[in-house]
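Here is the structure we will look at.
So that you can tell them apart, the chains are marked A, B, C, D, E and F in the order they are listed, and the count of residues begins at 1 in each.
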Amino acid sequence: MPNRVDDFSAYRKKMNERIFEIDHLGIKRFFNLDTQAYQDAALDEKTKELLGLVASLVLRCNDCIDYHILECVKVGWKDEELYDAFNVGLVVGGSIVIPHLRHAVETLDLARQSPEES
Amino acid sequence: MPNRVDDFSAYRKKMNERIFEIDHLGIKRFFNLDTQAYQDAALDEKTKELLGLVASLVLRCNDCIDYHILECVKVGWKDEELYDAFNVGLVVGGSIVIPHLRHAVETLDLARQSPEES
Amino acid sequence: MPNRVDDFSAYRKKMNERIFEIDHLGIKRFFNLDTQAYQDAALDEKTKELLGLVASLVLRCNDCIDYHILECVKVGWKDEELYDAFNVGLVVGGSIVIPHLRHAVETLDLARQSPEES
Amino acid sequence: MPNRVDDFSAYRKKMNERIFEIDHLGIKRFFNLDTQAYQDAALDEKTKELLGLVASLVLRCNDCIDYHILECVKVGWKDEELYDAFNVGLVVGGSIVIPHLRHAVETLDLARQSPEES
Amino acid sequence: MPNRVDDFSAYRKKMNERIFEIDHLGIKRFFNLDTQAYQDAALDEKTKELLGLVASLVLRCNDCIDYHILECVKVGWKDEELYDAFNVGLVVGGSIVIPHLRHAVETLDLARQSPEES
Amino acid sequence: MPNRVDDFSAYRKKMNERIFEIDHLGIKRFFNLDTQAYQDAALDEKTKELLGLVASLVLRCNDCIDYHILECVKVGWKDEELYDAFNVGLVVGGSIVIPHLRHAVETLDLARQSPEES
């Protein structure tokens, strides 16, 4: 049964395809830049995904948090390490981050339950 | 001759002392929590300082950027690695981050010139 | 069948009526100021609605984005022009705006499908 | 029949329990600091809850708004006083706050209807 | 000898006069609304100034912090009470508020030293 | 005699050159995307610069405001039109924008006084 993280991933995929269909050169280039920003370079992809996660937490964007948690799980971050990153985001961003922390913890639990992670 | 990074560090030190003098229990505990958030735990200090730097960039706080760049230099991040982290902050936070990127690049240059880094 | 944009407009109308019922002088004056800010003056309404849309995108407020897209469609902005405005919002606000870009593109598609636009 | 405010309170309770289960020292301490910040001290709890509400409004966090409205009702703020606080949040934060004002007014109405307030 | 708070007040006065000279109806009305938002109504002016101060802290606007600290001192808030309000702002807004806390503490010290407060 | 707008432009030029020297592919591509976002396309450059200005106002970035005011003056926006755009930014972003409005009005006055605008 699809959970909210699966729903998010499906919606994200559908709308990204719609955006590419629009074929706006600037928007397409931005999406490419965004992808490239997390690839191995002076910093490796694993570290960069964690940076993206904490940036998403302090900017309080649930969809961005979900995306980066899924990526962080894929590249091998462990729960304890992610909780430590959550804590940095919480201390930097303050109690206004707490609702997003609840969301993030739930997303991580859902990500660990999904078949592809078993 | 003191540069603006030295001035910032001196002002930060002076005002932190004034804040401790105020002796507000909640504020003191917050400062302790803030210090502890960057200490070695499931994630090491080095990684956490980089998280703090990117969080500061996307939240566009020059003083926070300066503080975390100085810490990142202390814990051994190289320029190329920091530029990669700057790039993640720029892509996540957008062109509104550019003035803070200019500030960050200048701060890093100043940090590398200072006697304690030579 | 009502879509999410219709639901938003209905909820907006219902709650604005409830807010007027409260009859707080400051709040009512703020709503008037907000309406007047987009009326023809030195800049025309059409230009101002586009300003409101980009401001809503970079501040990442989906309800505000929906409202201004509906207004932008009413005053005659074409899709290609709105995509160009989306791009300015994306570049200024960064990848954190992407979930709101997905939302905006979907809202525009829904607005174009609704009877009043046919 | 549970309304959205009851749903929020139930979700908040469930996820806070899950977060305590994670047992991250920094996160637990932050939650304690957050609780203590609103307790009677030089300022009383009643005033502090109103501060928390306006901070939540201008930072545009619906869950935080809901939480502080429920607390403000508990500590005895009257509707007219809360509308005045909403107005301060609206003027400071601008029209981007309006969707959150709609949400806040609805939450307050729901809070007044619930059995525990009758 | 004028300190930075006096300089801020002088600059604020000069530029507000320049803005009134521009004579833009919407802008003038906004300034009026802003003034009225802090006047005695269901909530008294004293409480509202404290709300304005905490909103300014969590939104991290030094000029706004300075203005509301000066007003808070005028309406009779004591240092211990203001520190408690600072703490609420710090916990809600996180460590990113710390540079603004330093600024606020210094502004309060300067405000207490100025002749009109003696 | 150079004023603060000239100083900003000189610092901006110097640091942009330093950033290009760093030669980070992602950062260079972002700067290109940023330049392209304001070029004639479905929307013309003149309209886009105004969008950039209002986005900068509501995101409260003085350097970005200065840059876009200089560009808006270059592409031919008149003072009355810019005041109208300032008003949209003020109403969307709230009183927290007022210090940036003061800055913007001063920058526009300085831009009109400079030799290249005479």
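Here is the rule we go by: contacts are C-beta pairs under 8 Å (C-beta built on N, C-alpha and C of every residue); 3 or more make two chains touch, one makes a residue touch a chain.
Small disclaimer: the values here were computed from a predicted structure and weren't measured.
The chains in contact with subunit C and with subunit E alike are A, B, D, F. Overlaying subunit B on subunit F by C-alpha atoms takes a rotation of 120 degrees, rounded in steps of 5.
For the touching copies subunit C and subunit D, the fraction of interface residue numbers used by both falls below half; the interface is of the different-residue type.
With respect to subunit A, maximal separation of chain centres occurs for E (centres as means of Cα atoms). Ranked by how far their CA centres sit from the centre of subunit D, the chains are topped by F. Averaged C-alpha coordinates give centres for subunit A and subunit B that are 24 Å from one another. With centres defined as mean CA coordinates, subunit F is found 32 Å away from subunit A. Spacing of subunit B relative to subunit C, judged by their CA centroids, is 37 angstrom.
Multi-chain contact residues of subunit E (touching two or more other chains): 26, 30, 33-34, 37, 41, 55-56, 58-59, 83-84, 87, 90-93, 95-96. Chain contact topology: the protein chains form a complete graph, every chain touching every other one. Contact residues of subunit A toward subunit F in the complex are 25-26, 29-30, 33, 36-37, 41.
For subunit A in complex with subunit B, the touching residues are 33-34, 37-38, 41-43, 47-48, 50-52, 54-56, 58-59, 78, 80-81, 83-85, 87-89, 91-93. Every residue of subunit C that touches subunit B in the complex is listed here, in rising order: 58, 90-97.
Contacts from subunit D toward subunit A in the complex involve residues 11-12, 15-16, 18-19, 22, 24, 26-27, 30-31, 34, 37, 55-56, 59, 61, 63-64.
On subunit E, the positions that touch subunit B within their shared complex are 60, 83-84, 86-87, 90-91, 95-96, 98-99, 101-102, 105-106, 109.
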